[in-house]
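You will see two complexes here that share chain A, one where it goes with chain B and one where it goes with chain C.
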Partner chain A sequence: MTELKTWVRRLSSPSIIYYSLFWLMILLFWGTVAQKDLGLYQAQETFFSSWVLWLGDVVPTPGGRLTMLVITLNLTMKLFFASRLHWKGWGILITHFGAWLLMLGGLLTAYFSSEGNLVVVEGGRSNLVEDYHLNEIAFIDTRPVLENQVISFSGKYLRKGAELRHPELPFEVEVLDVMVNTTPVKKIGVVSEEERGMARRFDLAKLPRDPQSERNRGGVRLRISGLGDQDGVYALFSGMGVPQIFNVEGGEIEIGIRRRTSPLPFEVKLIDFERQVHPGTRMPKSFKSEVLILREGTKTQATISMNKPLRINEYTLFQSSFSEDGIRETSIFAVVENHGRIFPYISSIIICLGIGLHLVLQLPSLIRRVG
Partner chain B sequence: MVLSSVISGCGSDDIKIYRVPKHEDAGSPKPVQKENGHVHRPFDYDVPSEWNEQEASGMRLASFKAGNVDISLVRLGLAGGDLTQNVNRWRGQIELSHLDQDGVLKAAEKISVPLGNYYLWAIENPEHSQGGMLAAILRQKDAVLFIKAWGGPVETLALKSEFKEFIASLRVHRHD
Partner chain C sequence: MRFILFLLVLFWGYSVLWANDETKINSDVFGSLTVQHDGRLKPVDTFARNLLLNVHTASRISRDRMEAVDWLWALVLYPEASYRRKDFKVREYEVLEAMKIQPREDHQYSFQELRDGVEGIRKDVEQWLTIKEEHQSLVQKHLLRLYHVMGFYYEVSRSLTLFEEDLVIKNEALASELGLKANHPLSFYLIHSATNRIETLMVEKMKRADWATDKKSAWSRLVRYLSDKGHDRLATSLTLISPKEKTSASDWLSPWEVMGKQVLSSRETSLLNDLQSWYRSRKGSDEREAMKSLESFRVKTGDNPRIKEELKYNRWDLFTKSLGFYLISLLLLMMSWLGWHKLMSALAKVSLAFGAGLHGYGMWMRMEIMERPPVSNLYESIIFVGWVAVLVGLIVELVRRNGLGCLCATFIGSLLHFVGFNYADDGDTMGMLVAVLDSNFWLATHVVTITMGYGITAVAGLFGHIYLIRAIWKPGDQTALNEIYKNSIGISLVALLFTTLGTILGGIWADQSWGRFWGWDPKENGALLIVLWLLMLLHGRLGGHFKALGFSVGLVLANITVALAWFGVNLLAVGLHNYGFTESIAVNLCLFCGFEALFALVGYVWADRRVQKMRENSDGDLK
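Let's turn to the complex of A and B:
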């Protein structure tokens, strides 16, 4: 029991949060400076979303996520096991609870939030959101009569040696090589007997990672087995104009590397897109989309404009961009899914109340001391 | 415990399965790259009598020769459909300076055909041996068609009417 108390005292020690916050400040400064070379997304991944930050690939230091975990554990121990329940300490207790809730919201956001683009052509509809940064390997099975079945493997499978297997897939796939950024170049030299499809005529040249991650075009070389004479090595890259299709029993399955795509629980139909420009220029002044939200047999009309996003449960749809070529207009929405969206608001209110209460409770002794 | 279960459970959507309506792809059949590398075209068309059809390979859905002029039909995703970038890339290929967006649009003819509307550019550099180009961009729902004729300046631009007739004849291939 005494040992347990000792551990609680150690883990709830204020010195842990002091040192952790100091390290967080260093990470914040370092990550901000590194953005210039790494780009926003990569800097965020390296410094703030990582468990370990390697110095020169040799020395491990705590990454942003590990530091936040230490702070959360310290706060949890302090709040639930080492707080004095005296009325004078209520303000501090409430403030700690607000901060703990803020960390909890951060945890939810870190693990259960996503951002991406929803692209809808005028008159068309879609519920597919493409992630800005992450790639996936998708198998589109066109055999079902009314719908296509999509089986997608996340970026965790985009590594050399990964094996892609699924009971619904009638073949096996082994990842031979992965390129973060690539471009197809005409093949020079001997074509291997194993190579099939585009790989017979083009090689995928590795390009340096672009700091703006959305500009990177992912590529992959795969070995397919279990399809008889279609077995072999294939090359794929994002945005390939000609998809790779395999004949399987009862139909075809298309395979591709693309941005991580997730279906929304509702469809967005673009009724009309409107753009206003500053007089005498082509510079956009404002743009807005009239949309129809189609969900479980219901239709709801809404307008999404530059400063008026549409919120549907945990999803927020922002008017992000558009494209037009004189032939048709396309509206591009930024879709943010954040289950922890409400936490910062509630936490901030609680922290303010806690600090306010603490000041009020400390006021008599403060007045006494001044007197 | 809660924390560890949240962290360990977060990889559960590494493999996703879902269904999308087939209407997403309706009206825009995709070219099919078979295992032997040949492309089966999703469009039918009438080939002008002077043109010789070649084996389509790589990114091409169809390929022709009219004398020394090379004619190609390519289909790419929507991301490849920026007019200004494409026109300036072509102009660069025959050593012409770049145009701004207004210049690109002014230089284009906008034409309607059964498959949709398209822009056509007749680009010429008489000082370049391969300085003739007819280039068309036809945007579909989920893809962009590029039709290009490239060769000597005089013989390429002489193909303009046949080139337009070819694009007008493009139609979605029907599987009977």
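Let's turn to the complex of A and C:
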């Protein structure tokens, strides 16, 4: 029992949070400055969402996620096992509880939230949300029986040496190379016998990762086997003008690399997009989209504008951006699914109440005049 | 005889004053006209100040004791003479060297000189304009900035040239054919308004073979005049003509734009006639007639209470006055340390309170003018943080009554006023907001709270400085040191409350606007940095990692976190909501952080030695 108490005391020690906060501050500063070169997403992945931060690929140090886990554990021990229930400490107790809830919400958001873009042309409709950063290899089966079924591979499958197999796919795929950012360059020299399609005329040149994630054009080299004449090495990149198509028994299968795409349980039809600027300038004043939400035979009209998103169950649609091609306008919505979004609201109230109470209890003695 | 002489002098004095008064009133009325610029309506006075700031890096020309509105008036009435005045201030030696202009000690150059300089390197300038800003050298940036300012200055100077009566048609037949008066000064506007058939007529006349030589030459002069003047049609910046339907989204038009319309409404014709009449009378020094025309124009364009408020704001210059009170308060406080303590410190507090009142009222006026909360850009955040620091200092002073609060308030209030004035020199401090920031609710909650957090942390930081100085100066005065230490803990807690609340509110705004509570955006990280630093200090104290001296050093360093969060993140130019980039920030920020780090280090080592020495001495005494 005494040993347990000793452990509780050790694990709830303010020293743990002291050193963890110090390290978190270093990560925060470093990760923020690194955004200039790495971009926000990559810096976030490297410094804040990582368990381990490798210094020069040699020395392991705690990443942001590990540091925050240590803080959460320390906070948990302090809050539930080492808090003194004296009235003078109520403010601190409440503050710690609010902070603990905030960390819990952060954990939920980190593991159970997703976000992406929904692009809808004026007059058009869509339910496909594209990830901001991650790519996938998609096989679109156009055989009549399968009605454009999409089989996609992402995450751990999108790495060198991965083998892509699926019962519905009548061939095997081996990933030979994956490029985060690439550009096709005209092939110079001998063309390998194995190379097929675009790979016969173009090479994919690796480009450095662009700090602005959306500017990166993913690329991949694949080996296809099991299709007889069509077996060989193929090169694909995001936004290829001519799709790579394979003839299979009963139809065709199209293959491409694109942003990871997932469907929404409803469709969004863009009725009208409106952009206002401050008079006499080109500075945007407001963006607004009139949309129709189509779900299970029902239609609901709604407006999505800057700072006024549309919430549908666990999904929230924000007016994120737009584009114009001179004929039609296209509205770009950020779609977020976040099961932990209520936590910051509750925890912020609790934290502020806690600090406020602590101030009420402590401030008079700290500011009072002596003598 | 003496009496008559006295009356004559009196009459002369009165007439001089009266004449000056009329000019002054005319200038005031001109300054009170409304113009739409950079997306908002503002008085011509503000427009003139901002233009002059860009040109002269000051809102008045001290050399000639000339106010901005008078300067603008001279510019639009006498552009050619203005081009010869040395109104441009260029301090960058390399820029002048590139334009092959001999630098002067007073840094003042005329538009004409600079225009000739730019002409010499026009090809280079055109090529630099195609380079992305981040790839431009510092000299290129400065030169292109000057080039844009010169372009805007020139455009404004041509705004009213359509009213300049600088053409006389001596050929009576031609004049009568056009329906104009012969041998009478005419302006582009008068010719244009007299006949809208002039272009058709010109084409017809030129085709006729029997066209007499004198007529031809008269025509030729007229055509050349119209063609030359026509270039000024592009001068559309001085948008003085209000639309009939006044909504926030309506575009105001410049006189050139209105005149260029196919059909003018009677209201528009009347407004242009007023401006023509004003222009003529003003040039003819008929002040009364000029004033009458200008008043008539102003009444027709309509009154706007916000414009009046902004005029008052410009004229009262409350922030300069509050700075004066803060400096007086600081002086009185210092005097109180020498003698008459009670009286001087009471006067210091009164002066501080006056300063805070004017400071607050100045911000209130800005809120009324812009119809938005007190902080919406970097300049306003500086002014607001200064005010918060003054209020916190004042409260501490009222409770403690030992001068420390007063010292903090006057020091931070004055310092931030100086920093604010520096930023105000960049131009309009009441710019419009981009769509995502244009939310009064979040500006009033998140932005106000976090900037209050900055202000209170700055006060806590200053307490850290005071502790170190006191520990070096009087290491044995433990009572006073403990008191400062306790106070700084209290202020740190208040700072923690506001920075935490502000940071969380920022997260909630992000969740409401962009769909994520926390995106590790530089501005968010900056705010979090202050929270973490304060938390670390408070927990380090509880964990016994340091005592009063270490805590005070930490508070001094807290100022670095505030500076990084407030200004530093703008240098990264990434993320969703940094306010904007100013090159001078980098140098000033480095200097500030370097100074604070050095102060903390030297202060710690010095104070620690002093305390050690004092202990050794007291041990020796005991032995």
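Criterion: the second predicted complex is superposed on the first by the 301 of 371 C-alpha atoms of A that agree within 3 Å, B and C clash if a C-alpha of one lies under 4 Å from a C-alpha of the other, contacts with A are read in each partner's own complex, and residues count from 1 in each chain.
Everything that follows uses one rule, which is that a contact is a pair of C-beta atoms (placed from the backbone, for glycine too) under 8 Å apart; a residue touches a chain by one contact, two chains touch by 3 or more.
Nothing here was measured: the structure is a model prediction, and the numbers come from that model.
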Which partner does A:E115 reach: the first (chain B), the second (chain C), both, or neither? second
Contacts for A:F171 in the overlay, against chain B (first) and chain C (second): which applies, first, second, both or neither? neither
Given the superposition on chain A, which partner contacts more residues in chain A: chain B or chain C? C
Counting only touches as set out at the top, which of chain B and chain C does A:V150 meet: first, second, both, neither? first
Taking the superposition on A as described, I'd like to know which of chain B and chain C A:T316 touches: first, second, both or neither. second
Which superposed partner A:W100 touches (first chain B, second chain C, both, neither): neither
Could you tell me if A:P263 is touching chain B, chain C, both of them or neither one (first, second, both, neither)? first
Considering only touches as defined above, state whether A:M283 meets chain B (first), chain C (second), both or neither. second
Inside the complex, what are the residues of chain C that reach chain A? 36-40, 239, 248-252, 396, 399-402, 432, 434-436, 438-439, 442, 479, 483, 486-487, 489-491, 493-494, 496-497, 500-501, 504-505, 507-508, 511-522, 525-526, 528-529, 532-533, 535-536, 539-540, 542-543, 545, 564, 569, 572-575
Report the residues of chain B in contact with chain A in the complex, numbered from low to high. 3, 6-7, 10-11, 13-22, 24-25, 30-37, 39, 57-59, 61, 74-81, 83, 101, 105, 110, 116-119, 137, 139, 141, 143
Considering the complex alone, what residue numbers of chain A touch chain B? 69, 72, 107, 111-112, 119, 121, 124, 126-128, 142, 144, 146-154, 156-157, 166, 168, 186, 196-198, 200-202, 229-230, 232, 239-246, 252, 254, 262-263, 282, 323, 325-328, 330
Would you mind writing out the residues of chain A in touch with chain C in their complex? 13-15, 17-18, 21-22, 24-25, 28-29, 31-33, 35-36, 39-40, 43-44, 48, 102, 105-106, 109, 113, 115, 211, 276-281, 283-287, 306-307, 309, 316, 318, 320, 334-336, 338, 341, 344-345, 347-348, 351-352, 355-356, 358-359, 362-363, 365-371
